[in-house]
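Below are two complexes that have subunit A in common, paired first with subunit B and then with subunit C.
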Partner chain A sequence: MSATVAAGRSRHVNVWSAIATTLLYSFLVCLAVIVIYPLIWMALSGFKDNAQIFGDPFALPVHWSWNNYVQAWNQGVRGYVTVSVLVTVASAICTVLISAWTAFGLTRTKMPAKPLVIAIVLGGLMLSPTVAIIPLVKMLQALGLYNTYWALIILYTAFRVPFTTFLIRAYMLDLPEDIDEAATMDGASEGQIFWRITLPLCRPIIISCVILHVLFAWNEYLFAMIFTSGSDVQTLPVGLTSIMATHGTNYAVVFAAMTISALPIVVVFFAAQRYFIRGLAEGIGK
Partner chain B sequence: MERSLQVVAVTLAAVSSLGLSMVGSFAASVPVAADPSAKVEYSGTLSVLTKFGLQQLSPYFVNLAQDYEKLHPGVKVELIQESDDSVKGKTKTLVASNSLPDIYFSWTGSWGGNFVRGNRAVDLSAVISPDTDWGKTLSPAAVKAFEYNGKFYGIPLYQDAKFMGYNKQVFAKLGLKAPASFEELLTSCDVIRKSGVTPISFGNKEAWPAIHFAGQLLAYNVPQAKLERDFDPATADYSDAGYVAALKQFSQLVERCTDGAGVNGTSYASALQAFTNAQSAMYYQEIIEFDQAATPDSALKPADFGFFRLPVPTGAKGDPKSIEGAPEGYMINAASKNIPLAIDFMKFATSKENAQVLSAPPYGQPSATIGGASEKNMSAAVVDGLKDINAASYLMPWLDTANPPRVAAVWLSSLQALAGGSMTPEQVMDEVRKAASAVK
Partner chain C sequence: MESGAVLRGVARPQRPNRPRARFANLSSLRWAAIALILIGWFVYYPIVDNFIVSTTDQDIYTGEVTNVGLANYDRLLHDPVVLLALWNNCLYAIISVIFQVFGAFLLAAIIEDLRSERWRRLWRAIYFVPSAISITVTGLLFYFIYQPQIGLLDAALSRVGLSQFVMPWLGNEHTAIYAIIAMSQWQGFGYSTLLFAIAIQKIPRDLYDAATIDGAGPLRRLWSITFPLTREMTGLMIIVTITGAFQVFNEVMVMTAGGPNNSSQVLGTWLYQKAFIEDNFGYGAAIAAVIFVLTMLTGAAQLWYTKQRRVQL
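Let's look at the complex of A and B:
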């Protein structure tokens, strides 16, 4: 008797858990559709022409030809992608290395006035890029760096160092000091401890920082618009606006260009997805 | 910790005072006027901020600069090419950092007025007034569009104006012809609607398309002198009865010719596409859109494309020969080291040969130079439209550029509300008057 009751109850539980799972999955599927559908729509619109984009925005393309993609690529997107990749990679390397050094100094070394240095570095988070633009223009013009890749690389690095330091420092605070002590006992210098021990241990947070920086630098518009001009030094966000006109925009080419420009970021995200969530969760909240 | 906070505060104070002293170093400027007898020195660098950053337009200034450098080997032309959107932010930053190029793009109206007010633009009256040698080669209405306080500050490069494009085939099928009066336009709309075609495709999501309709109707209903007085914040009162009359006509047009309140949800690009796909009979457009509205590949063929000026309402008290439109052009930086050279470069840019290149495809920007349009390589509709512009007695500027920004914002939002049916013409004018008196 009691056995049948137990069996009935477990069946009961099974039904509810199945319903819960189904609901959860359908919710997640809906979420995925909301996120993925616009991307697919954008990619598909790259195969249409203006008449079709406005006439049947949700229909599948009639002709599957890569013409618009080729045209977008040749209309300058090639150059914008090159500049974007160059600026993003260079500024990502600079930002992460400088921040890791800073974080190491702030957590691992005997440094005087540490709280003050931390306050100054993290104080950079409070500076809004928008209010700094005019002095920055004057400064970079005086340095002869206005309208060069360097302008963007330096600015992206400078404005992202505080946040990146904040993340890496929080992670380093949690690393056991015993390892450092053991290394010192074995005769390692501070430089060796940083390169051989601390940095490899920080791999997850470093990768998260790189991803966050890449997302920022790839999409940044304001600085890229103000500090560069002319198609040979412009990044994708600014370059894309020069394909759009008030009159006479070929929207299919714009969609194709947008798809091409989104592709690298989507690939980076999927390749490093694991680190993205884990590293961020580990770094924040300390 | 408290001590370190104090140190931070001192450091911040030091940094900010440094920033302030940089701002304080702005040079006090005085008005500068061009000297027609100045000798041009062909050497040095000339920087130009253009609005031709768009892929299809950017080669124009690149080629122009190359030709000019070939002509004068001592000169180097540096181009900063921006698009419609980015030119605003870029110009503001360059002005604020005192590094405006020698020659820079400007719209007419309040945008250009700001340069004049801040003494950033060279007074070109002595070289470009309509009665000077250079002035005579340019369309007078276009030169006058850059007139501020009785002086001329801008070099118009190309012009633009609004016309009603129509599908000749639809009109012929229904036995209609280009309407001669505004009332006839409304009755034609009724006939077209009965046949199942949208009479006028109108997309007002961006809010400026309504400004364009209203602007032309205002020019027809309100005398020019009163309009200009109301554009100036110091004298604006918007009391003329023509304003409400014009807005009533606009409401009728929205109701009888378009999709009604739905227009606020349609973008202008969709409206143009509907006309191109022959789904609507008319579309109110700028002359620079003519070649796009009808192409050999589209449902509306170039041979079926016709245009007329928005017909004049009977009994309207304004100027029936006015056209709404504005040139766009360039100004010379008052702080430029080589003003005569900058002027010489712009004379070169507005020469007949270069003007014809600008007017023709692929650029298709109707030049402001007289004779700058050549029938050989331009579509007939654009050439005819240009003739209309040159014959216009008054170029009514776009409402949103003629007014100070705050008044313009009110025009934009209230006209959208009027099109949507949530405001009456009287309420719109009340709002505009309120904004105008707040700006005084």
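Let's look at the complex of A and C:
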């Protein structure tokens, strides 16, 4: 549409709009370079040796060898990845199931005091982990969960249930209720309706929630740093700082470890971008 | 997990007006029970307990806890680092609002104005990539980028003839906090750009078409259509960004841990320093209480705004 309008304008305007377009595109390209180049530099530095790292930082690696990546993987990263996968998967399942369960109760049952329950659950959105951290240390030490996976799985679930419930509830509110009513007529219990009807219908938002949770749990740092100290229970973000502390002088290995830990999440993001954006849009849209 | 799947006869008709209806209503609380217990136990209770801890002093050697009343808060008022940390949090908030709210809004408007959907998606995705990556990775990455010997920044500066600006960015008291904040903008602006892009997509296209036919240029359309129709989103983003700025911890911890000479401390890292390095739980809890009050204020602002505008984030 703007093409026809532009055709009607004077040549003068066309020149200016061409300049503006060029400037805009150069701006977008420059910004993209600023965003992407440091990440490429990180991955490339993982291929260099230390002498090269201290040389020209813009140079490409001379010998492309996977040596540093292999070394990083064998000297700790493998363990950290295992723990990260375990904690992320377990807390994602717990969070999404508990949230869907709660959202169902809030939208489909005759639960008493619903506004109060909603206020309590969603109020959790406002409370930050930093504020709770000191009492949590005392509590988890008393429970004997300090320095275990369980500490992270429980805390990631507890702190993410409010947000996830909020997203799933918004989605359930928009689902038509006549299928439920028909199922109730046929004698299905609430539990059956949840597992057989509502949960499958919520698949898109469930996938979005899983992705948002994976992004959170894979990258979480504060809890992971405070509640784990042994290298066998540390997740990647904390493990990286440990690698930095032990291999501090061998920068190439640190770069390789950083790249290994960033790669899966970037791949997940690009593979699941559609669901991810839907999750964000649901979060704002209501 | 309990499925609640007590099988009834499939064809049995519903009994109307059950005497146990009241119990049935109460028992449907079971749907929320796990969430309520979990959140109450691990989110709400610690925050209440934090206020109790903040009025005590624990001896690290004997473990003896003594009640000291408001002494920790009194100390806090006279702690120069608390004031500096609070200022750094404010700097964080101001700079983030400029780049991650207004900058991101402009960027989203530019991207959404492009004709090809494929290009729009590509730009959004590229700018988002750093937000997907762990803050430990980006923090360490920029720790290296700012390093004088191996870093990109100083190398780039000397290459373009600005060698008078070459310095250890994180090792300098005057630049450390700005270097950290800059990293944070680099990482976060793509995320808010994506959110604004989603908000802009919800504006009906025919508004733009009508404006174009009436002869409105791109700037005019931005000012008269895009900006007013995403104002709710902008307001919310400002509040959310400020809340985040008062909770900031990770990037400072990874890059400088508050140094050099406490110049880049924020409330979160000062809490960590006091509670976990110097083992002073009581004082740490008092700092946590300050963060709590600040985030409650922004949270209340958010609730108020949401009620007014009927949008949520």
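The rule is short, and it goes like this: the second predicted complex is superposed on the first by the 240 of 286 C-alpha atoms of A that agree within 3 Å, B and C clash if a C-alpha of one lies under 4 Å from a C-alpha of the other, contacts with A are read in each partner's own complex, and residues count from 1 in each chain.
As a convention for this text, a residue touches a chain if its C-beta (ideal position, glycine included) is under 8 Å from a C-beta of that chain, and two chains touch if they have at least 3 such contacts.
Owing to the predicted nature of the structure, the values given are computational and were not obtained by experimental measurement.
Enquirer: Answer with clash or fit: subunit B and subunit C placed together on subunit A by superposition.
Expert: On the shared subunit A, the partners clash.
Enquirer: Of the two partner chains, subunit B (first) and subunit C (second), which one does A:175 touch, if any: first, second, both, or neither?
Expert: In the superposition, A:175 touches no partner, neither subunit B nor subunit C.
Enquirer: Which partner does A:135 contact after superposing on A: first (subunit B), second (subunit C), both, neither?
Expert: The answer is both, since A:135 touches subunit B and subunit C.
Enquirer: Contact-wise, after the overlay, does A:54 reach subunit B, subunit C, both or neither (first, second, both, neither)?
Expert: Both partners, subunit B and subunit C.
Enquirer: Name the chain, either subunit B or subunit C, that contacts more residues of subunit A.
Expert: Per-residue touch count on subunit A favours C.
Enquirer: Which of the two partners, first being subunit B and second being subunit C, lies in contact with A:106: first, second, both, or neither?
Expert: The answer is second: A:106 touches subunit C but not subunit B.
Enquirer: According to the stated criteria, A:201 is in contact with first (subunit B), second (subunit C), both, or neither; which is it?
Expert: In the superposition, A:201 touches no partner, neither subunit B nor subunit C.
Enquirer: Answer with first, second, both or neither: which of subunit B and subunit C does A:242 touch in the superposed model?
Expert: First partner only, subunit B.
Enquirer: Could you say whether A:119 touches subunit B, subunit C, both of them, or neither, answering first, second, both or neither?
Expert: Touch partner of A:119: subunit B, not subunit C.
Enquirer: Quick check for you: in the superposed arrangement, does A:230 touch first (subunit B), second (subunit C), both or neither?
Expert: A:230 contacts subunit B only, not subunit C.
Enquirer: Determine, under the contact definition given at the top, whether A:85 touches first (subunit B), second (subunit C), both, or neither.
Expert: neither
Enquirer: When the complexes are fitted on the C-alpha atoms of A, one of 260-268, 278-286, 296-304 or 386-394 in subunit B overlaps subunit C. Which is it?
Expert: With chain A aligned, subunit B clashes with subunit C through residues 260-268.
Enquirer: Which subunit A residues lie in the overlap of the subunit B contact set and the subunit C contact set?
Expert: Dual-contact residues (subunit A): 54, 120, 133-135, 138, 222, 225-226, 238, 241, 244, 251.
Enquirer: Provide the residue numbers of subunit A that touch subunit B in the complex, in ascending order.
Expert: 50-51, 54-55, 75-76, 113, 115-116, 119-120, 123, 133-135, 137-138, 141, 147, 222, 225-226, 229-231, 238, 241-249, 251
Enquirer: Using the touch definition from the top, list the residues of subunit B that touch subunit A in their complex.
Expert: Touch residues, subunit B against subunit A: 1, 4-5, 7-8, 11-12, 19, 22, 53-56, 58, 79-86, 89-90, 93-94, 96-99, 269-270, 273-274, 276-277, 286, 288-289, 292, 298-299.
Enquirer: Please name which positions on subunit C make contact with subunit A in the complex.
Expert: Residues of subunit C touching subunit A: 1-14, 24-26, 28-32, 34-36, 38-47, 49-50, 53, 107, 110-111, 123, 125-130, 132-137, 140-142, 144-145, 149-152, 155, 186, 190, 194-195, 198-199, 202, 209, 212-213, 215, 218, 233, 236, 247, 249-250, 253-254, 268, 271, 275-276, 281, 284-285, 288-289, 291-292, 295-296, 299, 302, 311-313.
Enquirer: Along subunit A, where are the residues that touch subunit C in the complex?
Expert: Result: residues 1-2, 5, 20, 24, 27-28, 31-32, 34-39, 41-42, 45, 53-54, 56-58, 97-99, 101-102, 104-106, 109-112, 117, 120-121, 124, 126-128, 130-136, 138-139, 154-155, 157-159, 161-162, 165-166, 184-187, 189-192, 194-195, 215, 218-219, 221-222, 225-226, 236-238, 240-241, 244, 251, 254-255, 258, 261-262, 265-266, 268-270, 273, 277, 280-281, 283-286 of subunit A touch subunit C.
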